[in-house]
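Chain lettering (A, B, C and D) follows the sequence in which the chains are written, and residue indices restart at 1 in each chain.
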Amino acid sequence: MVKRIQKIPFEKLTPSGTSTLSPFNKPIATVKPGEEVEIETWDAFGGCIKTEQTRAQALEKGVKVPVNPVTGPIYVEGAEPGDSLTVEILGIELPSSGATTISPGFGSLEGWLNLMIPRTRISEIKAGKVLYRTDSGRIVEVTAEPFIGTIGNSPVYEAINTLTPGPHGGNMDCPDIRPGNTLILPVNQPGALFGLGDVHAVQGDGEVGGSAIEIPAVVKLRFGVKRHYPIAWPRVESPEEIMTVCSAKPLEDAARLAHRELVNWMVADYGWARDDAYMFQSIAAKSRIAQIVDPLYTVVAKMPKKYLKP
Amino acid sequence: MVKRIQKIPFEKLTPSGTSTLSPFNKPIATVKPGEEVEIETWDAFGGCIKTEQTRAQALEKGVKVPVNPVTGPIYVEGAEPGDSLTVEILGIELPSSGATTISPGFGSLEGWLNLMIPRTRISEIKAGKVLYRTDSGRIVEVTAEPFIGTIGNSPVYEAINTLTPGPHGGNMDCPDIRPGNTLILPVNQPGALFGLGDVHAVQGDGEVGGSAIEIPAVVKLRFGVKRHYPIAWPRVESPEEIMTVCSAKPLEDAARLAHRELVNWMVADYGWARDDAYMFQSIAAKSRIAQIVDPLYTVVAKMPKKYLKP
Amino acid sequence: MVKRIQKIPFEKLTPSGTSTLSPFNKPIATVKPGEEVEIETWDAFGGCIKTEQTRAQALEKGVKVPVNPVTGPIYVEGAEPGDSLTVEILGIELPSSGATTISPGFGSLEGWLNLMIPRTRISEIKAGKVLYRTDSGRIVEVTAEPFIGTIGNSPVYEAINTLTPGPHGGNMDCPDIRPGNTLILPVNQPGALFGLGDVHAVQGDGEVGGSAIEIPAVVKLRFGVKRHYPIAWPRVESPEEIMTVCSAKPLEDAARLAHRELVNWMVADYGWARDDAYMFQSIAAKSRIAQIVDPLYTVVAKMPKKYLKP
Amino acid sequence: MVKRIQKIPFEKLTPSGTSTLSPFNKPIATVKPGEEVEIETWDAFGGCIKTEQTRAQALEKGVKVPVNPVTGPIYVEGAEPGDSLTVEILGIELPSSGATTISPGFGSLEGWLNLMIPRTRISEIKAGKVLYRTDSGRIVEVTAEPFIGTIGNSPVYEAINTLTPGPHGGNMDCPDIRPGNTLILPVNQPGALFGLGDVHAVQGDGEVGGSAIEIPAVVKLRFGVKRHYPIAWPRVESPEEIMTVCSAKPLEDAARLAHRELVNWMVADYGWARDDAYMFQSIAAKSRIAQIVDPLYTVVAKMPKKYLKP
């Protein structure tokens, strides 16, 4: 039987509790390396957006909605500082709808489009498709490609809000953190103190308007511990690629960090010379702008595995 | 018979002549909309890198190599300011090898890797494959995906060097400007005063080390004129996608410009409402970091055509 | 008699304790609004740099030096969220010497100068002068203009490291936070949970190499509480100017935030119309680049008081 | 008798002529090193803003106003590539009023303040004072501190628009280029091909709204040539300071360039060791944000001369 970790009750969602990744919070559950775990998550709005009018109404009334709550901390047995935590993503269960919003003062084009009012779109999700309804009433079908938007371990000694990504993971909004892939995270505290939330049914590169198809979800994971394998930033492995996920401002610094981490990985684990790995990335690296709307921006740099070994 | 435009003789490569896109240069050829044209181009080094030792030697000896020379200006009959120029890319003929270099003071990781000496790698190109030879002598096969790195029209009234991309096109290093796709450029001068060069046999996203597989080439094109169709930035159409190509610093501004242009295109040609187009990009837009090594950085924003119309 | 708060003993300096501003730490002292307080501070290196050879040796030996420790949290009676804390800086007692370092991988020009080894310079401080000894042995006299580099309140719900500045204050490295001036800080927690350290005997604009004349010090302050006066970012008042202190990346965003805060201040407290305040800043605002070496960069925007009222 | 160069007649103001610094334009006058010259300049709007209603009206009617026209090119006898041109600023004659504007889509806070309409303020200038009239009708007196906003030589082989600053000078909007100081510019073409315009009666740091007190003026200059003294970026000398003026995006890159140039100057002309000059700037350099509204942003780094020599 699969272990299930329920989401934190709504009334227990608090800024310092569920809106941070932090060494100061007490674990809500303990898991063993190797066991399968199902984890329930709130959407990024703590479930508060129920209709296309909710957000504007909430802002009007000054209602505070929980900010990007995570389910955690989860204590992973045996994980120690200096290790890495592997998180195999086995599956994501989709709900029947998801919300997208744009708001004044937020989103990558805000300064240019001069939005005056927040807008919300609720999209139905059916048979693996997101059904986006345009202003003119046309339904556009987009294949669901669900992934985990916010996922990470406790930082070394800071409490970092769940809107911000960093070396500890956090709000990376990276579509490559999806079923079939494995996320690798630095362990900074005994037990890792892992948390996750903010699942998206599908997202465009950059998440340019500030939110994707935001959903509550049930995520199936398997944890593992790589002993004495310290890494500086989150990494992802798919069957075909190795990937590094770095966050910074301006965006070019996120890209530079990600490509440098990729150089470091090629050198440490695949025997490339440093300059050679660098030069080869000019020819064969791929990358993705994960998001340009959070307090730091996120880029994923990728190298196909087929090039790495003879 | 296909019209062929030969490359400028080496001794006639000059900074203000072949290393700018400019209204001040005289056309070297005239073409008609609709006719097929073959154009020969130098590689980005003006053909000066003949062995893996050349670049270091040239720098040592103070030899000046031509900087990213273009073949042009080419006068397109009937193109007038306010029109757009379409450039259908029909094919790119590959040579038998290409050069890649990294150099102190250049490339996205330069400040972090502290390169001390320039390095050059010559890769054989055979049967559609680039054969990259690692430091340890292993051959890595990368499929050639050739495209035009520098391509554009004359600016409105400036002479812009061919290392810099902008609204006029230029050194965008965008892999989507490839056979099968059509580039659309603003026309700023009668005849457009088109030029191109800097073909790459293949390139990683970001061109992080500063050069790809740099090759001389023969490019087959067909020009067209869209009357009274003014655009602000270069665009690309593939059979599946519409794309906008914008350049700025920092990199997030290139991304913002590209997504804004994509909003504008969806509004003008496909009937979307502005905010709706913006919100939908959070869900379904794709993007690519073309390069982060030129004086301005380039991002391509993309929208699948299947979503645009019922 | 002036109340004196001693610095934290060296063996009690810890990352989560003295290298964060945080709601999770227990106050080490309580002060009343209006009373004069003397506070002892460590220098940014926790007193570990004793000779010009220490830093290189410490790095060699892997010795961990405390990172920018602060003295705090200090609980200010009566300060509540929604209030502002005023901190009158009455005086700074200078020691007899201070340390300056540059290090590989740190400082604004690091990527360009390719430093290979860390360097430390110890400067004598005498009669209000810093005596900087150049490589060639010449003594350059620079007038001491001491100020507090790191100073702030607890954030709302995060624990933020003391290297990073922000809306809560922190490592702003702003030379205007000096004797004769008053700093105004947002209060986010009951008692404010104030901390300070990292005093500089003098600093150039930008602190470009990454450290100034770093000193331990005794700082004399008087606290006050402005009731129901919420502010978004730290502010400073001198007898002649009002100033806003904002931190962001890239640097232009720090400048924009600071000038926007200055607009807001002119509107709220001096009765200017918003656009008028903005336009007038083009004519009469001053600014200072405080630092470009910390995780976020800091700009101070200033408006002479003589222009604000009839 | 002082030689006088008249401003270009309004009907001869053209984009490629007076709105570029360029090697492609023919000199309008020749001057000798050492002789005093008076040069007339248009304001940044080519004199088109005559009332506080003009700009909005012009935009409404689609009238094109000349963009930041310069008086030039002026050929300086004997100046050759590899030399530097010195420009002693002897005086600036003020008119009786100047214009300030803010406009939608322009200015550092535009994205945040959502301006809907352009606004213009005409300020009287009298007895060395600018009399700014606030929205509420109060007159604020600001001391005039006139300087030259746009000033430079021809670039090496490009034609660069006069809104953009760079190594050649251009639209630096640097208040230190004022009477009593000497500007030093790289010479890229025989005769330097110098031009200037865009004088400001006074300007706040950053020119945050996008324009200062914009005036037509008569500027008195004396040119000189420093033989075989190549420099990379513009420099300024006042009686008390040496200064470097660099432009880039993001703003921190402008600051880095300026401080690096200052290191280079201290090394080349004052005998400092490189790392020593760098470290000392952390202690004693000053800087100024000249502007954050042009296509590249400008920072001035400064070092008091009293520290440079024994």
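In this text, contacts are C-beta pairs under 8 Å (C-beta built on N, C-alpha and C of every residue); 3 or more make two chains touch, one makes a residue touch a chain.
Being a predicted model, the structure only gives us computed values, none of them experimental.
For the pairs A-B and A-D, the larger set of C-beta contacts lies at A-B.
Ranked by how far their CA centres sit from the centre of chain B, the chains are topped by C.
Each chain gets a centre from the mean of its Cα atoms; for chain A and chain B, those two points are 33 Å apart. Note on chain placement: the centre of chain A and the centre of chain D lie 47 Å apart, centres being C-alpha means.
Residues of chain D in contact with at least two other chains: 112, 249-250. On the chain D side of its complex with chain C, the touching residues are 100, 102, 107-109, 112-113, 115, 119, 121, 123, 130, 132, 134-136, 138, 140, 142, 202-213, 249-252, 255-256, 259-260, 263, 271-276, 278-289, 292, 297, 299, 301, 307, 310. Those residues of chain D lying in contact with chain A across their complex are 110-112, 114, 250. On the side of chain D, the complex with chain B involves touching residues 15-16, 19-20, 22-24, 156-161, 248-250.
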